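Across the two complexes that follow, chain A remains constant while its partner is chain B and subsequently chain C.
Right after this comes the complex of A and B.
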């Protein structure tokens, strides 16, 4: 029997790749970044890590997300009091949705509809049917609502109010506020763990992240951050993302120019990663190989290798990058 | 004895090898017998890394400087400069040994061998560079455990760059040693050469920072071959290539080596005119 040398070579490459001796080819995704001072969405190729396009959108774009089917990018155009809908293939804004005044951040129900929008100036959360563009409900919450999270089973939505310093739990069926948990000063972001048992809420001025048990609605731990050589007041947690396997959390620390890596078992900080100035929001690529950070004051985004816990590149984008989302 | 770059084939290839290995062995033995020299060479950059860099930890977190593709801490920035600093001190120290040898007479034995002077000096230079490489890689290994993680390929890619920078700094040292009559004078020249070269370079701070305070100083730093040594090694460590620095380092290495060979040539050099050791042929 004769051996096929080509097959052997392929086998060798596969084996080397499996052993981690050759880098695996990462899938290319499209990274979208909103720039609130340029009124643009910057498009970045996740494989080449290069800017491929810039698209003009509504005024002061902040929170952005990609719909679950990957077809559309939803953009909070805060100063135009609307949500722009961009086709992720053609990169054209195809329509606008109602949002209520000054939309800042939003989250989609796990089913893909409705959309829950924080209206910062109106102290309410707007519930919007994105297919029909109809406001289903308006839920009054605390002062200056911002962070939005929804439980993986879709039963509970959480909003954080910056001035009231609370995380508000809202029933997604009745649209009624069912509970509120007091956290540290200026809560900015809410993120559920993938099993839905824990809710992570960052407090910008408090300098902490509260980990809340979603069943008892009690704070399990307040994580504090200490970056050597930096004064405490520069450490201002904002964006939070957890890996799907629940092993790690990443916390953007604002003017500390660091992303903290937190072990979710011990709830202790493992490492601080240096990124650009005033790191704000975070987003994983769908394969969770990369984590993208928006750096508002240095006008760039940093790309973190999630497995190696290293910052691999920083890429210039428009002025004051704010939100980030990754599509297929 | 001719200082021209020709090989006298009557001496045989094996003869050249024996001559080179003799000089190299002498340099290594000197290195092994002076362990404190090895530790002293390491302590200097480690003090900078552990103490000085700690104080300036966040200073560079505001700008991305090639070859880095993202923000780096000061301790990461400063490592290539400290690696080349080891070579700078080593190059000067190796040349210091030339002055010492000449003062106690053993240099005379070396230079009166039938081998061309350029070969003797090149052998001396190569042996010195090899010793400096050992010191640099030990330093890089310690820096790695301190958290300055350089891509694995960078350690390999930096080797030819370090060889070239070692040759350049060693050549400068050799030339300087030819100008010096006594050990004491050489020490003062070291102060006038090492410190200005080191501080007026990109080893400790990026040049855009220097430019912010003084355009003249920036131009001086830019013209300093030590800056190009540091940048050549820095780029190589991160897998990129800096052709201008390569050109500058190679040119300066060749120029100073030719100057050193000329200076050490008793027929044309500076030694007899400056009053070389008694007994030197003129």
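Right after this comes the complex of A and C.
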């Protein structure tokens, strides 16, 4: 019966659930995927796991996120030096925000405002009040800033710079640099644990993820990855996501075409999940039942069942999918 | 009566004064060395040594820029200094241009006398060796950014010489891998009259043997610099029929000076591909490489130098960044420690090629991916998929450890 094409993925998942194999999907969310080569946002229904729409946006969309009220999708339109704001209900781009030059990735303060934007070409982080569309501050950081993280209590923002190879800790009140931690080559992504005690920073060319104690700002462990049969050079960690309960971390390994599942207690890799080609960014559905991965070279996203640690589906999207975010 | 009592009080007082002086001196020495130490760790001075490019003729399509090489070094110095702002280091690059007939050894010595321990050198092989030998007992390391001669990494290797420029063998292996991958296996080799052309052709022959290509024909080019000749210059009939009656798939041209290679595409008897030093080329850097963040380096370079970045600029950029990378990670800013850390197998430099690059410890050559490009498009990147090596696929390009003739460690 699994071969019945009319049988939707979600029915399949629910059917498997009845047999105790998978948890059942409770709620439908909207998955947004940016495609940097054809300047679109692909919209996917998380229940049907099908593409429902494709929306033209600014040029070279990369980092995307859904505002905390769920109303808007913010899109880094890198080549247009702006952030597009899309209404998540009507799927219309309703306005644009100032971003500074070449915005690549950003993160929202836990309160929902301001937005912290990495300006890749300008060695700075722009702090933007998204309601007033006013640049509050520009913070100089290292060469080619990309990864952005903010602590759960909102007191510290972290930026990683790809050529400087550092994670910069920045006070969100004073906008002053507090500390810089040296990590391995080409850090791409920064993610705080939900208790705020650990910061995870991936190093794409170094092939490692540094877990940094946010109190002492010392590296607790550098996690390395080994996939049998793959040369070390192809293992290039980029996106990192941690579950809210803090038990697991998922690390996208780029051209290794795998997502590593890491036990956050032992900081050891538990499993590698085979996904599409050149996997970069990851996003959970709000209920953390599914994890979506963007696969830049196979032009699709993979859907991972978080509980069962299985890849349940891949869905074709636009060319060179980059960012992913899930809204209500 | 002679007073034989020792004047203890006076003596103690004098000693005390003496000691105060001693302490002062000691304190002064401590303070001054402290200051000079701080200055030492904070500033990293590098030098760039190259012949000044001759002024271009009245009209030249793509003249050699006056700042070729140096411009890449300048961008890397800024990159290092952005990071240095967080670590308390200041990088600088002194430029030393040689005029024709000026002695590079004397100029290099002057730079070293001024305290420079890192010398980035763009010189022909023989002059580069003279400089390396003249400085072999000094605390200085040289970075070869220009010379592709394999002998500099082989029989003529030097302990104080690291190579950012690829070897001819790396370039021809990269090209031959691509031709093998496409199954364009029969080669017509056309070699120019200059010494470098012969070396390039020799490297191509070795690559062909290594990768299963066949050199089906080989001819010297004897018609002069037709690619540089003016529109009214005569083209001899022989040049037009030069490629007739040869059964081949790819014409590989060895013309490092660019004198005639660009004459060949579209003037071959059969409509076949021209590759080598012109046409489809192997290179470390190309304006059409955009992946792996390369577009960001192109942008930074263009903003700074107002022109596209050339391979020599990129190789100089890598040299300055490599020094910055190890000093940033805790190397002392001296030649010995920097050399040791650069040659550590754990060393990694992110160089916009998708994999980190580092040095082959046996000949101090930077292993790196090589781009295969047509004039306005990137065609492929070597190593090609499927060419494997027990250490790293990058070591399928150029001389490998077992065949290395370098005996100096």
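Heads up, the rule we're going with is that the second predicted complex is superposed on the first by the 304 of 328 C-alpha atoms of A that agree within 3 Å, B and C clash if a C-alpha of one lies under 4 Å from a C-alpha of the other, contacts with A are read in each partner's own complex, and residues count from 1 in each chain.
Operating definition for what follows: a contact is a pair of C-beta atoms (placed from the backbone, for glycine too) under 8 Å apart; a residue touches a chain by one contact, two chains touch by 3 or more.
Model, not experiment: these values are computed from the prediction.
When the two complexes are overlaid on chain A, chain B and chain C sit side by side with no clash. Contacts of A:313 after superposition on the shared chain: chain B is touched, whereas chain C is not.
When the two structures are aligned on the shared chain, A:298 is found in touch with chain B, with no touch to chain C. In the superposition on chain A, A:229 makes contact with chain B only, not with chain C. By the touch criterion defined above, A:162 lies against chain C but remains apart from chain B after alignment on the C-alpha atoms of chain A. Residue contacts after overlaying the shared chain place A:275 against chain B, while chain C stays out of touching range. Here chain B and chain C are compared by how many residues of chain A each touches, and C touches more. No C-alpha atom of chain B lies closer than 12 Å to one of chain C in the superposed arrangement.
Residue ranges of chain B in contact with chain A, taken from their complex: 54, 57-58, 61-62, 64, 69-73, 149.
Here chain A touches chain B in the complex through residues 228-230, 257, 274-277, 298, 300, 302-303, 310-314, going by the rule given at the top. Touching chain A in their complex are the following residues of chain C: 79, 82-83, 85-87, 293, 296, 299-300, 321, 325, 328-329, 348-350, 354-356, 392-393. Against chain C, in their complex, chain A makes its touches with residues 120-121, 123, 140, 142-144, 161-166, 168, 177, 180, 182, 184-186, 205-206, 231-233, 255.
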